[in-house]
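Okay, structure first, notes after.
Chain lettering (A, B, C and D) follows the sequence in which the chains are written, and residue indices restart at 1 in each chain.
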Amino acid sequence: MDKRRLTREQIAKRIAKELREGDVINLGIGIPVLVSNFVSPESEYIYHSEQGVLGMGSLAEPHEADPDLVNASKEPVTLVPGGSFSHSADSFAMVRGKHIDVAILGGMQVSENGDLANWKVKDVGLGGIGGAMDIAIGAKSVYVAMTHTNKDGGPKIVKKLDYPVTALNCVSTIFTDMAVIEVTRDGLVLKEIAPGFTAEEVQKATEPKLILSPNLKEIAIS
Amino acid sequence: MDKRRLTREQIAKRIAKELREGDVINLGIGIPVLVSNFVSPESEYIYHSEQGVLGMGSLAEPHEADPDLVNASKEPVTLVPGGSFSHSADSFAMVRGKHIDVAILGGMQVSENGDLANWKVKDVGLGGIGGAMDIAIGAKSVYVAMTHTNKDGGPKIVKKLDYPVTALNCVSTIFTDMAVIEVTRDGLVLKEIAPGFTAEEVQKATEPKLILSPNLKEIAIS
Amino acid sequence: MINKVFNSAEEAIADVWDGSTILFGGFGGAGLPYEIIYALYRQGAKEITAVSNNPGYHEEGIAKLIAHDRISKLLCSFPVQKDSYVFREKFNQGKVDLELIPQGTLAERIRAGGAGIEAFYTPTGVGTEIAEGKDEQEFDGIPCILEKAIKGDFAFIKAKKADRWGNLVYNKSGRNFNPVMAMAGKITIAEVDEIVEVGELDPESIVTPGVFVQRVVKRS
Amino acid sequence: MINKVFNSAEEAIADVWDGSTILFGGFGGAGLPYEIIYALYRQGAKEITAVSNNPGYHEEGIAKLIAHDRISKLLCSFPVQKDSYVFREKFNQGKVDLELIPQGTLAERIRAGGAGIEAFYTPTGVGTEIAEGKDEQEFDGIPCILEKAIKGDFAFIKAKKADRWGNLVYNKSGRNFNPVMAMAGKITIAEVDEIVEVGELDPESIVTPGVFVQRVVKRS
């Protein structure tokens, strides 16, 4: 059987299946922004962007771009009907006040108990926080999208973070190129595995002990 | 010479002379609301009302009354051109954040160091605070308009409050039916006296020692 | 399709439970959600902790709930308005408790509840009976007291227009506490004069974005 | 007649002193008050403490001030944007200090500064390097850290339209930090695209009431 790690698009596609119509969603940069390409176009989702856009649409075509309407990466975007603008304090009131249903974020490390590191590379002088810390503590569900291992093949899912912390106990589910892992009070539960991989292989690429879900299955990537 | 205490209208008229064009003003109920009758109609003043009206106009005529546009006493009012509406938290952000130039408030007692009591009668079960405490600490200048003495002829300007406190060290100037008294770091300075009264008579009606202003003069009531 | 519009006030408030904390918008009668309040009266929930700037006049608004002993505690800035005799009577009989809160502190505590700010230091109330039992601290020479966030299981609010996403605009000073209560209610129910199509409200002028509103019902 | 409109950016910023704290609106280039920033560059004030979500790109916006050593300290949420090489260089040379602040905390600290709230407890930053040296307390089981208000001697903001009272409306997400900075600036200076008559702006849609704005200047 073909044993290949999921592509970035496949991770995004898998996460898209978690979303429910009407969800208010904040997408981080990287794999997360790809998720919106895979949701049902018949359903309504509401995208929140930190600088004060609720109901953010797709990237703007050159002719419709307005330098005052941008996403968190400062790229020109559009607004969907029903969208609205807020100032930064109200925008983060939405975040911190638990009004965002799902945040999909990139990750550098996730710990056994759901601590997240994603804002600063270890041992580097400067880092940028932006909205990361607020969004990580604020969203009702936090999904982390990342590769399962780092460039050296070492685990990014660890017992204890050694990267600078973004927020403690905040991650709900980790979606990697090898697995879907839920953070529970009892520990990390392996729910789904990429086609061709075994639970042992996922465990080997993961520092903390994984609990096997009784419903353990293959990630559907069709 | 005619020795008569100022009327409520005369106190209001005297206070009106303190206002400068462009001032943002919050008027309490009682004598304070009368002040707006005595400002120059050629000048622009901006009236703030606690429930979220900036640029409040006069009381509404019956035909223009909207039950959703009221003053702090819940009477229908109008909005002037340039006026705007805010929610209650933003309205009190204006107050607490020192964006209101002048608050003119009623008083039950004022102490030597500018403490104000005006929200609750002593020894009565229930009192209503409303915006009183926020406005007393928040306005840049707090003018108190009140009778100099209480119903029994006792002083309302006292060494120490024995009525429930509204706010400490908040009063700038006291305008009574007998005098204009400024609260300074050195104590209470008697600046103006009602026609026909002497400084001794004002002192007799006042508990703390008054400092006589070198420019002590008669209140102009014309 | 997102659709937060309910068919009736009864349906919109049907699941309010005994002992809920409910935030009630309105300043006097301005911006008061009369119909969902009366629907709640008919529904019968009791032992309610009510957060409302005023206690209602005569038997109007929440005074109706107080008159029928549905409210066991009121958080309020101004309970002594003329014609608030219902509250005064019930308070004197010990049927309803009162937490008296300065109006600006009340508004800010509610906003804090909606914004995930758990507590804040304010200069309002220092040296008064409001400060009793509260932590006191100075910042840059300004003495302050610590005030905690207020959150509601429900918020009952009144707006002028809504769309099915729950976006709201208000009418004049009928705005008052409604937008901050919308933020602080776990389930925010908006009574509105008019329901418009999604996209009809100007995105620059929406005061309460739909993210803060769970249910909408048109005033009949 | 109230008239807050100044004839030029130069006049509007003439009295900014060395060592001022200035709040700069904008999120990247959206809602950035370019002209008053460049007027300040020409005016020459230095040792500025700048509060700005970003440090500017290339030599644009406040990056121009940083490049010429006018800013001695920056309070900022995201100093590492691509093309923010000016800040990075000056930071590495020790020419500018940095206080790194989560974006939501930054916005809320500024709003607090404008609202007379001296400090607040937020869950953001707990367990991170942001929490170092800050008071930590739990409320209802939620661990929080204490964050203090930010106030500016000046706020430089960008809006779409103003009237001579200083009432403002914004353009789309050009709104961002501008309204809260307007609140927190002792002297708030708004650069706008258009000046309209008093009464022309819809009272329901004014985002920043004139009470928060001291000076207005039209973008040239």
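Operating definition for what follows: a contact is a pair of C-beta atoms (placed from the backbone, for glycine too) under 8 Å apart; a residue touches a chain by one contact, two chains touch by 3 or more.
Please read these numbers as outputs of a predicted model, since none were measured by experiment.
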Within the chain touch network, how many edges lie on the shortest path between subunit A and subunit B? 2
A-D or B-D: which has the larger count of contacting C-beta pairs? A-D
Can you give the whole-Å distance between the Cα centres of subunit B and subunit C? 30
Please compute the C-alpha centroid of subunit A, do the same for subunit C, then give the distance between them in whole Å. 35
Quick one: which residues in subunit A touch 2 or more of the other chains? 79, 85-86, 89, 92-93, 95-96, 138
Numbers and ranges of subunit D residues touching at least 2 other chains: 108, 111, 115-117, 122-123, 170, 172, 203-204, 207
Residue ranges of subunit B touching subunit D (in the complex, touch as defined): 21-22, 24, 44, 46, 48, 54-55, 79, 81-86, 89, 92-100, 138
Which stretch or stretches of subunit D touch subunit A in the complex? 27-31, 53, 77-81, 88, 91-92, 98, 100-108, 110-111, 122-130, 170-180, 207
Which positions of subunit A touch subunit D when the two form their complex? 49-53, 66-70, 74, 79, 85-89, 91-93, 95-96, 115, 125-134, 137-138, 164-168
Would you pull the subunit D residues touching subunit C in the complex into a rising list? 108, 112, 115-123, 137, 139-140, 142, 144, 148-149, 169-170, 172, 202-205, 207
Please output the residues of subunit D touching subunit B within their complex, sorted ascending. 1-2, 111, 113-117, 163, 165, 167, 183-184, 198-199, 201, 203-204, 206, 209-212
